[in-house]
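As structure tokens, here come the structures.
Below are two complexes that have chain A in common, paired first with chain B and then with chain C.
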Partner chain A sequence: MSVDPALVENGRLDPLVRRLVAEVLVVPIEQVTMSRALIADLGAESIDFLDLVFQLEEALGKRIPFTRWQSYVTERFGAGDLSQAITAGVVRDFAECETRAE
Partner chain B sequence: MAERVAITGIGVVTPIGVGLDAFGHALRAGCSGVRRISAFDCDGFDTRIAASVPDDFDGTTWVEPRKMAKLMSRSALFAVAAAAMARRAAGLGAEDVDPCRIGVVLGAGGMGPTDNDLLATQARAVIDSAGPSGNDWNVPRFARAFRERTNPVATLRGLPNLAAAHVAIQNDARGPNSTITTACTAGTQAIGEGLRLIQRGDADVVFAGGADATINPVSVLGFSLLGTLSRRNDQPEAASRPFDLDRDGFVIGEGAGVVMLERESVARARNAPVLAELGGYGVTCDAYRITDERPDAGGAARAIRLCLHDGGVTPSDIDYVNAHGTGTRMNDLTETRAIREGLGSVAQSVPVSSTKSMIGHLLAAAGAVELAAVIVAICGNFIPATINLETPDPQCDLDYVPGSARSGRVDAALSNSFGFGGQNACLLIRRW
Partner chain C sequence: MILTRRVADGVWLTVYRSLAIVRLHGPERRQADRAAAERAWNLAAAAAGLSPQNAAGSRAHTEGSGAALVGPAGTKMGVDLVPLRRVTARHAQAMLDVQEWDAMEGLGGIGAALAWGLKEAAAKAFGDPGRRFPAGLRIAGGTNGFTVATRGESSSCVLGRWESIGSLLCVWVLGAP
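Now for the complex of A and B:
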């Protein structure tokens, strides 16, 4: 899979992440904002993160082992309250981190 | 005296109609749901016909929240829709019954993915990893190709126990939950086991039935290679012809049937609408061969007799038998013997019909949808026909209600299911 260079610019990732989150969680895209927590506010459950990472892989043309997502979240938030912390912003940061690492 | 078990709601998703009303009308009219296969390109297949649920059926409208639908296989979605229809018909409110007293028992088929999109993904990954000679399979390369294309969530669609899990989630049914995989017998057996759950005192309400959706290249080829499928491709609607001299096999179908079984006292307390009584259940195994039935039909006959005994009725009480009637040369012959053995002299006069002639063989869902056909007969005062029965087989010499439906009062009926592996089950249904 080839990567569209436009996808990796900061400004273009947000709309992608918003769209993917809205599709995966089956919520209106207007509800996907930086301040809304994926688990607490938008009803995400554990398997939705598997789905989300897969959709990001497809969109970015990158392989993102799920363990990298889990490590990223744990490093950032440790044992904190993940249900409040995982927002569209966190997903965006993770996706950027992965494309830079490649 | 033991409490009776009522059937207070039914939902069906079938090739001839979705919902009990549409299904009943189609049965009375003798409609066939068999068409040329459209789910995949069947060019070159020996069997190119099947009975599919209409394309315009959208099961996701019955799923709450809608997001859960992405985790459902096609058959799980059918089951959830059928259960929702049954619940709506029964008028069961969220507060009516303690969730811990609501159980689910479903018949299911297949192990692993049977949905066409998942099979296609696997196939592409295998093609990508074929070795140079075409005969070897590079498994590490397959793993990379498969991993790239496969959403992990999709794997959940392949587990047969999850249809019952989804029905439980949708209905907050926290009581006993199980899945029965006795193939052609599964739906009947699931309903029988649901009856036992209530009789044993383990539940007050049970969603019981079956769902199956295996109209895919691998399953169709599999049944075809065994010689069990009709090849009457040029006349799809005439292909399913149980008990007819020219029958040449069954027609594979898909769909779901779910009934709501309810303890009498609970049904009365909430003024539930009662369709009929589930009055008895008999279950046996031939312990003979995997595809051949015992020539003396002993196992099947015994299931019938056990069912009569369980319901406290005699053969002369039976007004109608919904046969397993697949349309294979062997089943129809053996079943004729089983009905004679099981009902004795009454067999000569009691009407027996195979609704598979119209609906096709819905495998794990068959028994459940056929129970719905019996309910329609009792409530509608008619006996469904065995359509396509044009030339009687001299060895199948019972009254199979050939051609068109017949008016008639049905107070008590039996429904038979006999599966591969020699697993036999029979249910007794009575006017309330």
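Now for the complex of A and C:
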């Protein structure tokens, strides 16, 4: 199944990711900005990231193994503090990668 | 509600559960969760006869509740608290391979939550949890229950135990001292 390229080209990923993060974490969408840390600032737990990947699967219309998210985070942040590092912007960047992946 | 008990020689587990059912979300929930885990840690350390600052172990929190596993330094140990309703078969399928899924058969409604908790607790026990969980760990069934090993390092293995506490499942793992 292919992903609609307009999602990226028209800048629709930001609002999509904000909405999905707000839904999964049950926080007001106004609290979700691209720079806010999902764990430290918005209270995300590990299972929330799996739910986010599920939501992205449905929104993008393609299968996304959870291991891809895990690899993305590991490659990007190495030994850094994930509680501060993973922001909504990181989820957006991951989603953008997924829109381009086969 | 507070549950404190010895789970192995010198190793104490405490679960602290708020009786006030408050549906918190976002940063407020994280704050309440961390406070609950801190309280559990202090209680487990006291039970083990250790000062909270010098105790070794693992802690977990979710939905306003906290758990702590405290014991001798050098012991591989990890704990997780899992809301039973939160982990579905879809979650389990996303993090288990076929052999792991088979090993969890026969556990009924707690299978998915237990698999999740075993991997979370083991990831803490082995260190670097954010990167090991879930694919870097392998669950196996055995005569003494479940073990969790790091993939590619068969010598590094911990034994899992669990207890249902209302709507939560407390899962802990221990390795050899």
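Convention: the second predicted complex is superposed on the first by the 95 of 102 C-alpha atoms of A that agree within 3 Å, B and C clash if a C-alpha of one lies under 4 Å from a C-alpha of the other, contacts with A are read in each partner's own complex, and residues count from 1 in each chain.
FYI, contacts are C-beta pairs under 8 Å (C-beta built on N, C-alpha and C of every residue); 3 or more make two chains touch, one makes a residue touch a chain.
Only a predicted model underlies this, so the values are computations on that prediction, with no experimental measurement involved.
Superposition of the two complexes onto chain A shows a clash between chain B and chain C.
In the superposed model, A:V26 lies in contact with both chain B and chain C. Chain A has more of its residues touched by C than by the other of chain B and chain C.
Touch criterion met: A:L50 reaches chain B and chain C at once. Contact with neither chain B nor chain C is seen for A:A37 once the two complexes are overlaid on the shared chain. In the superposed model, A:T74 lies in contact with chain C only, and not with chain B. When the shared chain is aligned, no partner comes close enough to touch A:L16: not chain B, not chain C.
When the two complexes are superposed via chain A, 164-172 is the only one of 164-172, 182-190 or 200-208 in chain B with C-alpha atoms clashing against chain C. Residues 25-26, 43, 47, 50, 54, 66 of chain A contact both chain B in one complex and chain C in the other.
Residues 25-30, 33, 62, 86-87, 90-91, 94-95, 116, 120, 128, 130-131, 133-135 of chain C touch chain A in their complex.
On the side of chain B, the complex with chain A involves touching residues 65-67, 70-71, 148, 151-153, 156. Residues 25-26, 43, 47, 50-51, 54-55, 63, 66 of chain A touch chain B in their complex.
Chain A contributes residues 25-27, 31, 39-43, 45-47, 50, 53-54, 65-67, 70, 73-74, 79, 82 to its touches with chain C in the complex.
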